[in-house]
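What follows is a set of notes on a single structure, which appears directly below.
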């Protein structure tokens, strides 16, 4: 008897914004729904689902490696203005913030503590929680022309969802701060050059490359594979307190004026005029 | 009421070796004096001022982002032989060493613990404490042909002023040790390639690029910006004990024969002949 | 009187698989024996000797810098099938595993805790414990066409001998996991590009370049040099628990079925068919 | 919508060796089955269940605080000789060891990463995995005459299940090593004196005291409570690599001769005669 | 010239809620104002002043050791209900929270990073930010009957101001969590027994004992003293990320319903009825 | 073949200030020479020998557990004034300081990295390097009336030889700083109460108690024992950078005026009058 026997059966049918495709050899392909024209509740549901899926993947005894990708030229974007008006009606909601922070934790720790490897196939634009998934994945394959952007500061909030945990260990401090503090986007090609992703290939080859790596890992020795990932991730576990400190500050920034101004500027299609801050 | 109201007024006029220029939007441009032909006391004063300026910058409620640069083709050099003779007259001075170590701590922790961003515009040759400033800055823009060199070992002393804290997190251990242990200099172009600086541009564009980044950050959401820097810097805070261990060994090397020999060789324009060391 | 006087005289003649050449200025050149056609006991002895040599190097008061290299186009390989049959006769030997783990610890900590610098001249193919030596060396010079491969997973065992300690600090997490989890080899040229080694030069120049760096360091201030290495290595000391966790899992994988299958597949010249793992 | 909606319904009925009692206010009382005369499969099942229960507790939205206790004068013991013979028939089983290590991880991380508080009511003798639960619990109330003993070394195996993670932070290194290395048991009274448990009370008051504390916490502000536990536990998360290193060595010791000898001595009711070890 | 010459003159006269008494030998006695009947603005000012005073103490070249104490039988309490109504009128104020968090950081890091020793004379009841000062002080002398209580959870907020940084290193995890999670107060006598304070003496002897220790330290070798404190405090610097994570969660809890309910219950003189929390 | 075969034969006869007694079962009893009336060179030799003996103990394959004790009512003292005059003739000697620091490192790391257990039998007064040995030992048994004192500050130098590494993990910060910063001695009885030592017994029973524990450990499973010690000591390895930072500051204080004044005061049998320090 083992822990697995105590677990309830996973209901894979509950996912609405992620398409799940079980491939040969224990490879799970997760495809993120296109957000275009999606109403806010769908975006919210997508955030919840991405935060939970790693647990189901870890629990399913038949699965060995996950590949996650997006559709068309988008990996994960937050488009449209539907959600913004709702947020502006209820700025600084404690309930929303608690839920967001909790899901952010579930997403990050879900990826880090899942001993099975995860491969991201960054087919196109990646930002927000999607960028967290793309870069926390163990192996990351980006389209050379994919656009990666940590947009937290553009939204007036602290970068709390993954960057403090892993960027300095991916591309070093000088590059990390440049892109995070100055909100500089970068292409997949540049991302590979500075170490932010494992590899960059033409957009048309991203998914096949990622699946190829996944299948190769799925055919390898699973215990050795999982224990090696687990041991390497102690670097990230040790960075957990710093990550959660950033998350705490991100939470605090949800209650300040800059998020509101950023959202207003977005629907008014203008640059935000952030107010003079309280001293810090 | 807040802490700011308890602080004394900053006397910005006291700086003699740094030129301070308050730009629009809360950007402070700090220009380092040219050392050519400067007598030793001026160099000493410059060391003191650079160690203190971060505190005043952090305290000034109107300032948001600092840019620091040098003049001509030098960011920070230690030229001439004026100071050396004085040092040779008084080798292994406890008072001097205590002061140097203390200022080194003030410089490093001053940059790290200042939550406001600092941008270095490395217009040319950078070494010594100036290199510490250049590389600890949050965003660093170097001239492609700038020469960066950590010259501690060339002076016979351990590299204690910043390298242990941040080099492994900038360019990785293999590159860090190569340049630090073998006293290999590198250009801004190479520095960018290995991640030691954020960006490299032609010398003529360095300051404008740095100012552009600074103004963009100064127009951003200040709390989110400062909290993101603060959280990222936990990586450096965690490395503080190792950094201070290196500083302790640097202090010890001030009392050994190798510094004296390095200085003598310098004024005699020859290679140093370091003596057989005590076993270690 | 000092600790040195309490030490027994080093018997440098005991080494059989390493050739030792004392050069001018305190440089020790260590050349690894060619393994081709070597019987298993020789390979075992080589593993033991490489794990011990750092201690003798550290103890010898006349030595300052070590350079380690291989012969021909091989730095360290594990060729032939002699040893495999012996291993297959005695899979999961507690005695062998204890000895291997202990030597792995001696090798890694021997390099890290030796304050004198070590330069690796990676003349060709490097894998296994040899790769650990090549990459833990303070300065690493690789032939542009050298092939580096961490083959642990190909052998069905967890990557426990050095990778968790230093890869994330050499080339970042995204590259480290790609090469370690997917068993991707890389050339010296690529290794230099991602920061895994200090420099890459044509094969014919590797040893001279390494010796040049070694002699330059040997002529430098020895205390300053050793204290700088010592301080930088606190980054690795802090990663020791994670490294030893990986070593523990590697030890565990010696008792599982995947190592046996990998070895069988190797002598049968086929791809391994790893069994369905126990859940993890 | 939140993560909770994606979770399957918890089947609390599956537990056979733990009695679950839902009290008012969200308090869950978990009572460990008496092991006396239990056959080995039951002991194995108990080990599995204790490793899994923290996840169900964390997931159940109605539960706030867990109290765990034993029956009679035993909190958790491993009595009888049923299981030993089975183990002796199959010493050094890879499958068994992998499962044990995995459950050990699930138990420890399950308690540490569950943000809801757990109170242990150590009514009597506690050892093995039960001691891990007793001491990793956030608040621990022990009977003054309870006997606590980490028996790993008595069994010939390394102390890998929890002690490295938390003992030095409970009672300090000098006490921790004394009890762990010399296999010294201690009473609840002494345990309280050295900080190993939160409180010691007469045996008859243990459960009521623990329940009292649990109900008081269950009536408190739940978010503040969980976030405070979470933040305090970063101390344990940072110690995770060291803990897992100890677990790796424990795993290795399962394949050595000392466990066999300890088990044989136990069924033969004599002191073990551990063999001369391989050098280490 | 040194950094000191660049500092502005300290205006010690600005303090209104702290009485400052310069004693012989460089000892500064800081006495905290009695809060009884104080209006909320005074309490706010006291919070600001305590957060700032460590910087002035560190800067003043004539001062060597600080002693901090309270008046009568109170070290630091938050009495009366004046401030509460104001807080209830403006719950979840971003401006107030930012200021509180900032002052909390200034207080904690001000004590930790001041290399000169600080002695707390805990004459009576201590809670809130005053408890942070009392326990972060390098040497802490408590009245045997002083009451120490971390009241964060009683107020519905996470314990974020100092406890995560230092309690586990004072009294161990089991005691720390008991008092912090279950809001258990303790006397000075018990605090000494579990290591939370350095010494406990009768109330009448607290100040003299503290001053005696302070004068002895002030007569000692100042550099050796400051460097020893500095080095010991690396333990706290390493815990900074965890501390700031707790502070972030405390900030978040300022916007939730539990603080409001706790305050209402306090002015209505009843137990709070905390609402069912959002899942976490 | 194993590493042991490569080691030279240990010459146990070289020790002059330590008496070595090989007991049954692999127990080595080390007795420290009485220093009374010993000339300075003997004290120096004792310092060297204690720093080296751990390596020989670790290397000797027949030895399992070491017990270290002193003679009469002294464990380790530094009496007489012979050495002082010599030190005063040559204050701030770089050669002496380098040697002292190096031996301090060898002593501390020698104990920590020796996986075999070490038991200290603190029969009487313990200070200086002897206190480091007494408290870094894995199990420490003190005479109830033994006097323990870290005398660094009394000598005008920073406490750098072991205290930063282990005191906070023995007795907590509040007690550690009290005794270290205020140079407060303590008895074995008090030391046990605060966790600084494992046990306190009447002076006449110290050695027998220590030997009893040693023999019990020597009869236990050696691999399990050594791996448990090794894993627990990761807590100390992680604290290595902080420890070495303290050592660096101790080294610096050897060159300052306070050591000289402390020594002069000692031979003149008066209290030292430490000079006004340079600002720090």
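We call the chains A, B, C, D, E and F, going by the order they appear; numbering starts again at 1 in every chain.
Methods note: contacts are C-beta pairs under 8 Å (C-beta built on N, C-alpha and C of every residue); 3 or more make two chains touch, one makes a residue touch a chain.
Per UniProt, the chains are A, B, C, D, E, F = Enoyl-CoA hydratase.
Every value quoted in this text rests on a predicted model; they were computed, and no experiment measured them.
**Q** Going by the touch criterion stated earlier, list every chain that contacts chain B (Enoyl-CoA hydratase) and also contacts chain F (Enoyl-CoA hydratase).
**A** Intersection of chain B (Enoyl-CoA hydratase) and chain F (Enoyl-CoA hydratase) contact lists gives C, E.
**Q** Could you work out how far chain B (Enoyl-CoA hydratase) has to rotate to sit on chain C (Enoyl-CoA hydratase), using CA atoms and steps of 5 degrees?
**A** Best-fit rotation on C-alpha atoms: 120 degrees.
**Q** Looking at where chain A (Enoyl-CoA hydratase) touches chain B (Enoyl-CoA hydratase), is over half of the residue numbers used by both copies, so same, or under half, so different?
**A** Both copies touch with mostly different residues.
**Q** Need the most distant chain from chain B (Enoyl-CoA hydratase), centre defined as the mean of C-alpha atoms.
**A** D
**Q** Just grab the chain with the largest centre-to-centre distance to chain E (Enoyl-CoA hydratase), centres being mean Cα coordinates.
**A** The chain farthest from chain E (Enoyl-CoA hydratase), judged by C-alpha centres, is C.
**Q** Centre to centre, by mean C-alpha position, how many angstrom separate chain E (Enoyl-CoA hydratase) and chain F (Enoyl-CoA hydratase)?
**A** About 36 Å separates the centre of chain E (Enoyl-CoA hydratase) from that of chain F (Enoyl-CoA hydratase).
**Q** How big is the gap, in whole Å, between where the Cα atoms of chain A (Enoyl-CoA hydratase) centre and where those of chain E (Enoyl-CoA hydratase) centre?
**A** Inter-chain centre distance comes to 39 Å.
**Q** Going by the touch rule set out above, which residues of chain D (Enoyl-CoA hydratase) reach two or more other chains?
**A** 2-3, 98-99, 102, 171-172, 195, 223, 230-231, 234, 238, 241-242, 244-245, 249, 252, 256, 278-280
**Q** Which pairs of chains touch each other?
**A** The complete list of chain pairs in contact reads A-B, A-C, A-D, A-E, B-C, B-E, B-F, C-D, C-F, D-E, D-F, E-F.
**Q** Residue numbers of chain B (Enoyl-CoA hydratase) touching chain E (Enoyl-CoA hydratase) in their complex, please.
**A** It comes out as residues 1-3, 5-11, 14, 41, 44-45, 48-49, 51-52, 98-99, 102-103, 106, 109, 113, 223, 230-231, 234, 237-238, 240-241, 244.
**Q** What residues on chain B (Enoyl-CoA hydratase) touch chain F (Enoyl-CoA hydratase), complex-wise?
**A** Per the touch definition, chain B (Enoyl-CoA hydratase) meets chain F (Enoyl-CoA hydratase) at residues 92, 94-95, 97-99, 101-102, 241-242, 244-245, 247-249, 251-252, 255-257, 278-280.
**Q** State the interface residues of chain B (Enoyl-CoA hydratase) toward chain A (Enoyl-CoA hydratase) in the complex, per the touch definition above.
**A** My answer: residues 2-4, 61, 115, 117, 135, 138-140, 166, 169-172, 195-199, 213, 216-217, 219-232, 234-236, 238.
**Q** Which stretch or stretches of chain D (Enoyl-CoA hydratase) touch chain F (Enoyl-CoA hydratase) in the complex?
**A** Those residues of chain D (Enoyl-CoA hydratase) that touch chain F (Enoyl-CoA hydratase) are 152-153, 156-160, 163-164, 167-168, 171-178, 180-183, 194-195, 239, 241-243, 245-246, 249-250, 252-253, 256, 258, 261-262, 272, 274, 277-280.
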